[in-house]
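Below you'll find a set of structures to go through.
First chain A sits with chain B, and in the next complex the same chain sits with chain C.
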Partner chain A sequence: MVQSKKQKYLFLAFCLIPTFIMFSIFTLYPLFSGLYYSFFEWSGSSENKEFIGISNYIQLFNDEIIPMTILHDYFLVAAKVLGIMVLALFFAVALTQLKIKEAPFYRIVFFFPNIMSVVVIGILWTFIYNPSLGLVNSGLQFMGLEDWTRPWLGSEKWALPSLVLPSIWAGIGLFMLMLMGGIANVSKSYYEAAEIDGANEWQQFWKVTLPLVWPQIKISILYIVITTLNGSFIIVQIMTGGGPNNSTHVMGSYLYEQAFVQYNFGYGATIGVMILILSLVTVLILQFFMRRERVEY
Partner chain B sequence: MGRAGIRIPLVLWSLAVLYPIIWMFIGSFKSNGEIYANPWGWPESLNMGNFVTAWTEYNIDTSVFNSLIVTVVGALLTLFLAIPTAYAIERLRFRGSQFLFTLYVSAMMIPMVLGWIPLFFLLARFNMLDNIYGLAIVYAVSQLPFTIFVLTSFMSTIPKSLEESAAMDGLSPYGVLLKIITPLSMSGIITVTIMNAIQFWNEYFMALIFLQTEENYTLALTIDFISSEAQYTNAWGTLFASLTIAIVPVIILYAIFQQRIAKGMTEGAIKG
Partner chain C sequence: MLILGVGCSSEEEASSDGDNSEIANDGKVNGELEIQYFVGGYGDSWWKEVIADFKEKYPDVTITEHAGPNINEEMRSRWVSGDPPDVVYIDGAGSSETQMVEDGQLMNLTDWVKDVEVDGTPITESFIVDPAKYDGEIYSLPLVFDTWGTWYDETWFEAEGYEVPTDFESFMSTMGDIQEGEDIAPFVTTGQHPYYFLRGMLYPAFGAAGGDQLLEDVITGKEGAWTSEPVLEVMKKVEQMQKEGYIDKGFGALNHTQSQMNFLLHKNAFIPVGFWLPNEMEKDKPEDFTYGFIPSPMQDAGEPFAVVPDLRPLAIAEEADNPEAAKAFVDFVFTKEYATLFSEHTGAIMNINGVDLSQNENVPDYLIEANAMINDPEQVQIYQKPHPMSAELETPISNALVSLMLGNITAEEFTQQAEEAAAEYRNSK
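Now for the complex of A and B:
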């Protein structure tokens, strides 16, 4: 090679250092100093930053809203995993296994909400749930189900479940595509063999499709769990702001309120540490339970 | 299972997806009176008044411009940083390249909301708070892990012999990167850039935290602002018009790059 060692290192530095510096300043440093902030009481201006040890953590354990927010987050995780996986799997099988001419149309339409802004989705669905003008209540009236109409997002009981539908609506396409990719990789000969053995379509689904797309299912579940724990607060912030009466607060929206509305930055950071720990622990536990030997071909 | 029976859920779900979007689009041409009289109905005429109100009274033009800047600057900066890094990690295989890759990729799994509190003060110290270029930088860095991840997988398919013969011909490593690797990875670069651009155009929460004055708002914030005003003013038509303004560029991008976006998103999603 013509280049000297020095030139080679210079080039490596040119490639790596700008990115590493930016990543350190805007990702690594904020994460670690977030951890550091959690030991302070701090309302934002530098004079009143006071080291208080683990007091924020003690406050966290005594805060009545915290268990609620954790419960709400895991409610959303469970509802989304179940809703998205069942529907996405159903659509993926329907669009690949059964010879439907217009399958590409459905694929394009179902995926479209995945690239819509969460603001647009949130506002659109807020209007769909609007008590007097929205589609849900007018639809129920139209079907003669007046008793079922209610102020969905204004009800302490119904607000959180109401947030599940937009999340499923917006998320399904991506996982449908991932599962379709998995199904496309399953060799046709397995289905032929199953058919010769007399398995009906339902049995083929359980015995052939499901085990063979297990890797995609596993990744999809993990991905839904991570993105929900890390990001469910965005739709909450847009649609309910955590209300009514804290009934939809999740961990992230509570952090936002504590830090950026109430200016308890230290306590906000403590909630952030809790989110980080909970989501890492959840992922580890899930990965442990979803270990399943790969199906041998 | 009957073939006709299987179509029913497919048709129903496409209606569930399309109807609210079409409804929003139609609603943007309706006066408030029409929306109240019949929220489901057609507009009496193609009334552009809502768009005019959104554009002039709520200064959507400024927000569209801000969103465009944030999107373009953010997407370009991401590429500028990610292409050389992806190249070095994937093709130069130095000591620690695996470590760097793991470091960047694992950042995709970490909830960044904890980091946003210090980032707020950091931007304040850099005088970049309430500044769309500051926001663009934060956006760019936030998409770095994903971009590096996608680009390395694209670059891994380029035959090694190409670089070697280019180096034999006396091309410097910078030349190899610029004239061989970048053009050959163009399909991956375009895919990941479209996805990053959609991400930046749509982003809401960081903008909410880091931007403060209305003239610096991105489109997402202005829509949110119009939406919260509409709770009192009931200017639903204006709200629909602003939603339509936000979504039309995304529809156009999706129409052109549908296949690429779908492929790129699913590839990017497989990272857990």
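Now for the complex of A and C:
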């Protein structure tokens, strides 16, 4: 018995230690080095570092750009959560519950952007938004809506909203598939029972589908929030570079600019620490508000 | 023969140091030599040729090249860990001469450079533009004389009868004609990198308005420089261009390649870019397009064009493993022969004066014309900035500039914002 317990622990250690080592190297070490560098004034391109205590954090709280970047991040989070979840749910329901013959084809079409690199998506949409050569303005002109044409990514007012569309376009497919999986697991007997009780399709959606796929919706929302707070940097960097005049900077792109353009690596690390904290807090708050008893019929 | 001469000079110089273990007793430079160079619009064919010649001259030197469009990022960890390459050509994204000097990464060349010669003439007398100085000290030698100016399509202008501008007044007038004739915004630049406009249009304008002193003051963020009268006058010109609708409204979103494509496709007529433009866009140029180049016409009528060269320097790492081979290489590169080859390979100019390109069939016409113009003080006045502007100051100024060019703020508001950015920059130093 004792021997068996020992063997069990040895086996567990054998499985966990390599994972822990990898986790320490690729997650914990960068995390703690980021925290460490946030206490230094350092250009990031030389050996010279100067310990400056919490000066970077004081600068962070006095930096006028930071509140703007946080607002931009949460604007993108809200727009993406709303846009992706509504559309993904709509298409998931349509492709699973309506008898559409071409459903497999649509699944592939919607999922296609997910196999494309974000860089490619960014470049593609930059061309689409090009004020003089792009599809958007040309399409509007073709429809006689010339007054609606504008320099989408070149306008301080329109650049940030313009980033939402590619992000949603690129995200729908994955979440649609996740939700389709959830919907497929809902027993048909619930719908039959609801139908017998006189529920129409809309009521079936609200009372049966939605509550039963809630776990998938919750995970999807959390995933969108985390990836947006940490990853919207790429699309911003490619499509606008944070401009015009900081109007699309998110925390990630501002971190990049500080660390690698302005050579304030220590300050960049401080922004990185802030992104981590904000992501954690946001996820915890969301978890709290989205907690809900598991629905079983 | 010229190379040989320079090579000998290098050997003599190296030997005279006396404390150099890399120099063998026979006076030959040897050992390993690492060279880092950015490959952008100018390509790398010139580098390949120079390095091959250097190897031939110094067979005991083994050269390792670190080159590419992302080389500055790729080599960052080497610089951070104190193991840099010996020679570095500072150009491209992710490189900053000012930052490298501030970080103590570059060797002080002040004393050494006094004895270097170009084809028998002291190098200090051979530069078109002198090296940047930091508190009077030289840390790099300006290799590429990149002149930002304004480009247009000569063929198109001739066919449509548009006048090539000679000053700001005629610039506005031509842009008005083009706007009317073509129904386009005549001027484009990249809003994603607003420093193109800053370096390509504003620096020459500041030079013309206030000379080297004003340039130095705005670049170093001297108190009151950005709100001074000449700067405001220049910014009023920019405001005027915006108000007339001459600046492409979509410029804010364009990166440098897109703005250059817009220009080649006649969506716009003028673009301020450096000499790399024709080389970089070689494959995209429409057949009937002919590059025309003028220094940016921001000066008042009756004054010569102003040019503010943007120099791309060659430097030696402070912690170079083989400083003597590095010095030999730097010495080797600066000759009239390689300056001519540079123009042939890249369509740009090396920072060595007295290079005659006028009869060279391998050099593009625009370069021959530009070279002649730049060397004629009656046509063009060259102004020199002390060193590149720090990114810490350039970024906020560039952001405010975009706002002005989009018409969201006035020239007065711009100067105020720039002055505030300068104050913040001074306080951070």
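In the analysis below, the second predicted complex is superposed on the first by the 268 of 297 C-alpha atoms of A that agree within 3 Å, B and C clash if a C-alpha of one lies under 4 Å from a C-alpha of the other, contacts with A are read in each partner's own complex, and residues count from 1 in each chain.
Simple rule for what comes next: contacts are C-beta pairs under 8 Å (C-beta built on N, C-alpha and C of every residue); 3 or more make two chains touch, one makes a residue touch a chain.
Nothing here was measured: the structure is a model prediction, and the numbers come from that model.
Enquirer: Following the overlay on chain A, give me a clash-or-fit verdict for chain B and chain C.
Expert: clash
Enquirer: Once the structures are superposed on A, label A:261 by its partner contacts, choosing first (chain B), second (chain C), both or neither.
Expert: Second partner only, chain C.
Enquirer: Applying the touch criterion given at the start, work out whether A:156 contacts chain B, chain C, both or neither, answering first, second, both or neither.
Expert: In the superposition, A:156 contacts chain C only.
Enquirer: Answer with first, second, both or neither: which of chain B and chain C does A:187 touch in the superposed model?
Expert: neither
Enquirer: Which partner does A:7 reach: the first (chain B), the second (chain C), both, or neither?
Expert: The first partner, chain B, only.
Enquirer: After the superposition on A, what does A:16 contact: first (chain B), second (chain C), both or neither?
Expert: first
Enquirer: What is the contact status of A:133 with respect to chain B (first) and chain C (second): first, second, both, or neither?
Expert: Both chain B and chain C are touched by A:133.
Enquirer: Mind working out whether A:233 is in touch with chain B, chain C, both or neither, as first, second, both or neither?
Expert: In the superposition, A:233 touches chain B alone.
Enquirer: Which partner does A:243 reach: the first (chain B), the second (chain C), both, or neither?
Expert: second
Enquirer: Name the residues of chain A shared by its contacts with chain B and its contacts with chain C.
Expert: Common interface on chain A, chain B vs chain C: 44, 126, 133, 260.
Enquirer: Please name which positions on chain B make contact with chain A in the complex.
Expert: That would be residues 1, 3, 6-7, 9-10, 13-14, 16-21, 23-24, 35-36, 39-40, 81-82, 84-85, 87-88, 92, 94, 100, 104, 107, 109-122, 137-138, 140-142, 144, 148, 167, 170, 172-174, 177, 198, 201-205, 208-209, 220, 223-224, 227, 236, 239, 243, 246-247, 250, 253-254, 258, 261-262, 265-266, 269-272 of chain B.
Enquirer: Can you list the residues on chain A that touch chain B in the complex?
Expert: Those residues of chain A that touch chain B are 1-3, 7-8, 11-12, 14-16, 18-20, 22-23, 25-27, 29-31, 33-35, 37, 44, 87, 90-91, 94-95, 98, 100, 105-120, 123-128, 133-135, 138, 169, 172, 174, 177-178, 181, 201-202, 219, 222-223, 226, 229-231, 233-234, 237-238, 252, 255-256, 259-260, 265, 268-269, 272-273, 275-276, 279, 283.
Enquirer: Give the list of chain C residues in touch with chain A in this complex.
Expert: The touching residues are 73, 76, 79-82, 94, 96, 99-100, 102-105, 184, 191-194, 248-255, 258, 262, 265, 267, 391-392, 395, 399-400, 402-403, 406, 408.
Enquirer: Could you pull out which chain A residues touch chain C in their complex?
Expert: Listed in rising order, the residues of chain A that touch chain C are 43-48, 126, 129-133, 150-156, 159, 239-241, 243-246, 257, 260-264.
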